[in-house]
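Chain IDs A, B, C and D follow the sequence of writing; residue 1 opens each chain.
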Amino acid sequence: MTITQIKQRKKDLDRENNVYMPHIVLVDKIIEETPSVRTIHFHFKDAKLNNEFTFESGQFAELSIFGVGEATFCISSSPTRKDHLECGINRVGLVTNALHRLGVGAEIGFRGPYGNHFPLDLMCGKNLVFIGGGIGLAPLRSLIWNVLDNRDKYGKIDIIYGARSVSDLCFKYDLDTWEEDKTLNTVITVDKGDGKWRGKEGFVSEVLRDAAPSCGNTIAIVCGPPIMIRSTFPVLEQLGFTPDQVITTLEKRMKCGIGKCGRCNIGNLYVCRDGPVFSYSRIKDFISDEY
Amino acid sequence: MITKKINKKDIRKLLGTWNQECSVIVPTREQGIVEMAGWDNKDISFLDWYRNTVVPPKACFLPQSEVMISFQKKENGLKIEVPQDEHKQIIFGIRPCDARAVAIIDQVFADTYDDYYYSSKRRNTLLIGLSCSNPYDSCFCTSTDVNPTESEDVDLMFMDIGDEYVIEEITSGGKALLNTSSMIKKATKADINKAKEVRAASVDKLKKKVDTKDVDRKLQSCFNDIDYWEQVSAKCISCGICTFLCPTCFCFDINDEMIKKHGARYRGWDSCSFRSYTKMPMENPREEKWRRVRQRVCHKFEFYPMNLGINACTGCGRCIRLCPVNWDITQVIAGLPGEISVHSGK
Amino acid sequence: MKQNTEEQPRIVGFLCKWCSYAGADLAGTSRKKYPSNLTVLKVPCSGRIDPLFVLKGLRLGFDGVLVSGCHPGDCHYQTGNYRARRRIVVTKKFLEYLGVPEQRVQASWVSASEGAKFAQVVEDVVENVRAVGPNNLFSDEG
Amino acid sequence: MWLKMFEPSGPTTCLVMKVSDMEKELRQEAGKLLEEGTVDYIIGFAPGSLKFTTTPLITEDIDEINNLVINPFINNNLAKYLPEIPGRVGIIAKGCDSRSIVSLIQDKQIARQDIVILGIPCSGLVDLKKVEKLAGKERDKIDDIVVLADKVCITAGGEKKEVPTTEVLFDHCLGCELQIPKEYDFLIQEPAAEIRDYESSSKQIQELKKMSPDQRWAFWKEQFGHCIRCYACRQVCPACFCERCFVEESQPRWVSPVSQWQDNLIFQAIRTIHVAGRCTDCGECERVCPVNIPLRSLSKEMYDLVGEMFDYKTGMDVNAPALMTAYELVEAEGLIR
């Protein structure tokens, strides 16, 4: 812990680029998913950027409305489909409410992509179990489409998705497609169904226990509200998954998105910089306590 | 290595020469609050009364609030501008503890992504250190690897040896500042010996000490010792004094504002002591006070060293002196349960 | 409610829905003339008016603030305006102490049947506020 | 146990309060409460880690009772902690603290039966900023402060200085209206010295009132330019017990979280109005402000304002309704047309 170490780590301060300056994107299309969730499709105003922009499944971005503020969203479209980008927006706060008031053609700010991504090379050749809850399907969806677009590279695929009620199910059009896809096993559940619901009822963790996917050569990818994540890990452990076989993506309050503003840490890890994608083994010690 | 010296009487002239080329920032007292502010070209009385600033010098690079982007609603849409600030400045009189703190924050803002706003100010600034021989009773810099009379984190280091300052030239930028001046003399052997005496005496004045050896390991083992954290956090009132006035605390918040047709995206200090700091719509991972206190201590002495190899505390003692309830971080560190006493998670 | 952005001075009025707002309506339907400087915000009761509303109005650049509710004794919720009264007078007095000219913050009781009084109140408020000039309280200059 | 690591040298003598006897009595009583299980926690003052400081002691450990102290540096208004501490609590209260406790009971934030008030008489607390100014030395360079009823002896750097006691007490103490708690379960029977100077207690307010409104506004504008929005004033204030403060609301956003003088001033102005009738003029907001904003010149004015207009004194009667929840049929005539 000497000063020479500091100096070694000190990087060049002379770069001109201002990472906080957002790019302008235009809203192409708005899909109302549930009463409180909408998906917006958008593309860059700058045509050059439209071509050059790349990202990976699992990464996130900061969307902003000038004069209102910035908020963090994961990119829910797949990098294999390049014509536009998508973000799912749950109406909960100042910025998300403002985003819900927008119409097609609106200009908003975009900076990103930030964070790490799902380890596709690690998943290659393996069976995959996707476990999602509520709006947590958004990051998974990017990965699922990414995987489905290269279907032959992966083994058996299970998708287990749940929401609080039927009207809270997001991306229903995708769910329909996946249910029809014979190469997948898709299970959809709601905590409590309405009269017309013919699918499963119960929490995701319970449905997962019943579905009991085999842990052999398998990776489980979990994303959802913290309560779902917390209750799913023990079930996966019972099913024989080791912490290394479980991958999750976390959400925390963020401001900068690039590991500086300080608030999104879990232990020494910053969700924005070291995550949002973590293997369960990496965060095991902290997760029960601060997530 | 001490190489040069200057007579105290010539300091005003020296600062004056510098002030012609760039702005010189010195400790300034207004209403009893000492902070680094622009020099008025005359007054150097701070050399007599100055011990350390209340507002740490980090504010020169990470101001309490600054405009990141400004917007203006025009008929053909929004006009967006980023303020340009490339003016050169010299901070004269930074203490070794605060200089180390700047070096510590430098790492954060250069890590992975360069922070435009911080580094555009930082790279245009030269730091001139001033040795400290009058510590507060709350100072404990010798416990955090800082020598009150020595610093490698500045460009020039001045040390008071009576009628003169001896000068260490640390960087080429600092060296260049001295080249132009005829007031600078070569330091003699006697000066260097005198400096040695002063150094020993200054270090000796620091009575407050805390053992920081193994703190990270101890913190790791008592992370889940809720009893301990509840006990030490009981009297904390969750204000932002310790974090805002800490020279190494760098957390910030970004907020937009729009009044009539003008608006801006601002960045301002934020504090892990505030409940709203981590609040998310559905839940708050650090709702309880003891979690927030734990975060502050662990960030300084466990997480920061894990990530960047150095404790994020330089022993300046501000958080102890200024705390409304005398919450003393050295007591919390010293009182850490030595060996593992882990409680179950929640 | 049409927001008035043209006329100077600009006044924001917080009117209780049962009395003062109805009073304003009556002033309108009975074709009483009063200045169009007022931007009206309807509140369920004068008891809902937090001191924040007053300062927020001034911060947003309104030159004056009017708060208005039912006469004491007439509150739809029995005691809302009695409580409001304490809060309003404290706010008014305190802002004066801070240095906000007293004309900028004004209060009145207007019942649903007092269309004429409402028109008169607005006229007086506008005149009083005009006398102290535009609101530069929160500008950085000066 | 960890409090004993640093032995600060406190004031050697203090005749204003017969300290050592009072401490003995207090420790005995507090110890009894814990021992007999009457309370779960004791809140009091312990020696601080720095010279001339004290620190709140919140403990359920009977061994820590011997750390309880009474001296002219027991600044904190401990009532602050009551709403957040579960169970039954024994609290050491000076006159002003007791008023805050009563005010919290009036506002139904705490229940009287959960609190055991250990009242202590108080002749006033020493404002270290004033002492520093008089001595020309900062706190840690002062060797001793001896507080007597009529004079204070300050020793610093070998020099001894004697000044009238009124010159070193906090402004709010000079205007104290309750030296001995009215509401208590146990009271240390000891008279308090009457050290008052009402004029200097609100000197700045009187000066401000002589100015024009524009000048006053300019004064506050300048002051709040220094504000760093650390919220210490709010956090230390027993009257600020809201679960969620209006500054943290984002929908609508009443006050910008960005620190600029406009919003800093609005924050403090609204805070002062919101605590009208709860503020007991304990002066904590001003004491803790790290940038020396004269906050008491706001809160004391509000205190006087409600006193004059509604003949209301905060925290004097547990059974009286809180100011803003009550009304008279006719009052504040002439301010609303």
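Here is the rule we use: contacts are C-beta pairs under 8 Å (C-beta built on N, C-alpha and C of every residue); 3 or more make two chains touch, one makes a residue touch a chain.
Since the structure is predicted, the reported quantities are computational estimates derived from the model, not experimental observations.
Engineer: Determine the set of chains touching chain A that also touch chain D.
Structural biologist: B
Engineer: Decide which interface, B-C or B-D, involves more C-beta pairs in contact, and give its chain pair.
Structural biologist: Output for the comparison: B-D.
Engineer: Which chain would you call central, comparing Cα centres to the global Cα centre?
Structural biologist: B
Engineer: Could you work out how far the Cα centre of chain B sits from that of chain D, in whole Å?
Structural biologist: 31
Engineer: Roughly how many whole angstrom separate the Cα centroids of chain A and chain C?
Structural biologist: 49
Engineer: Hey, how far is the Cα centre of chain A from the one of chain B, in Å?
Structural biologist: Each chain's C-alpha centroid was found; their separation is 37 Å.
Engineer: Scan chain B for residues touching two or more other chains and write them down.
Structural biologist: Counting only residues that touch two or more other chains, chain B contributes 253, 255, 257.
Engineer: Multi-chain contacts only, two chains or more: what residues does chain A have there?
Structural biologist: 93
Engineer: Run through the chains and report each pair that touches.
Structural biologist: So the chains that touch one another pair up as A-B, A-D, B-C, B-D, C-D.
Engineer: For chain A, which residues are in contact with chain B within the complex?
Structural biologist: 1, 3, 5-6, 9-15, 17-21, 64-70, 92-93, 107, 225-226, 251-253, 255-256, 258-265, 267-268, 273, 285, 288-291
Engineer: Quick check on the complex: what are the chain B residues that touch chain C?
Structural biologist: Spelled out, the residues of chain B in touch with chain C are 259-260.
Engineer: In their complex, what parts of chain D are in touch with chain C?
Structural biologist: Touch residues, chain D against chain C: 208-209, 213-220, 246, 254-255, 262-263, 265-266, 269-270, 272-274, 276, 298, 301-302, 305-306, 309-310, 323-325, 327, 329-332, 335-337.
Engineer: In the complex, go through chain B and note every residue touching chain A.
Structural biologist: 68-69, 71, 77-78, 80, 82, 100, 103-104, 106-117, 119, 122-123, 145, 152-153, 223-224, 250-258, 263, 265, 270, 272, 277-283, 285-286, 291, 295, 298-299, 302-311, 345-346
Engineer: Quick one: which bits of chain D touch chain B in the complex? Just the residue numbers, please.
Structural biologist: Chain D reaches chain B through residues 1-3, 5-6, 48-51, 53-58, 76, 80-81, 84, 129, 138, 140, 226, 228-232, 234-236, 248, 256-260, 284, 287-288, 290-292.
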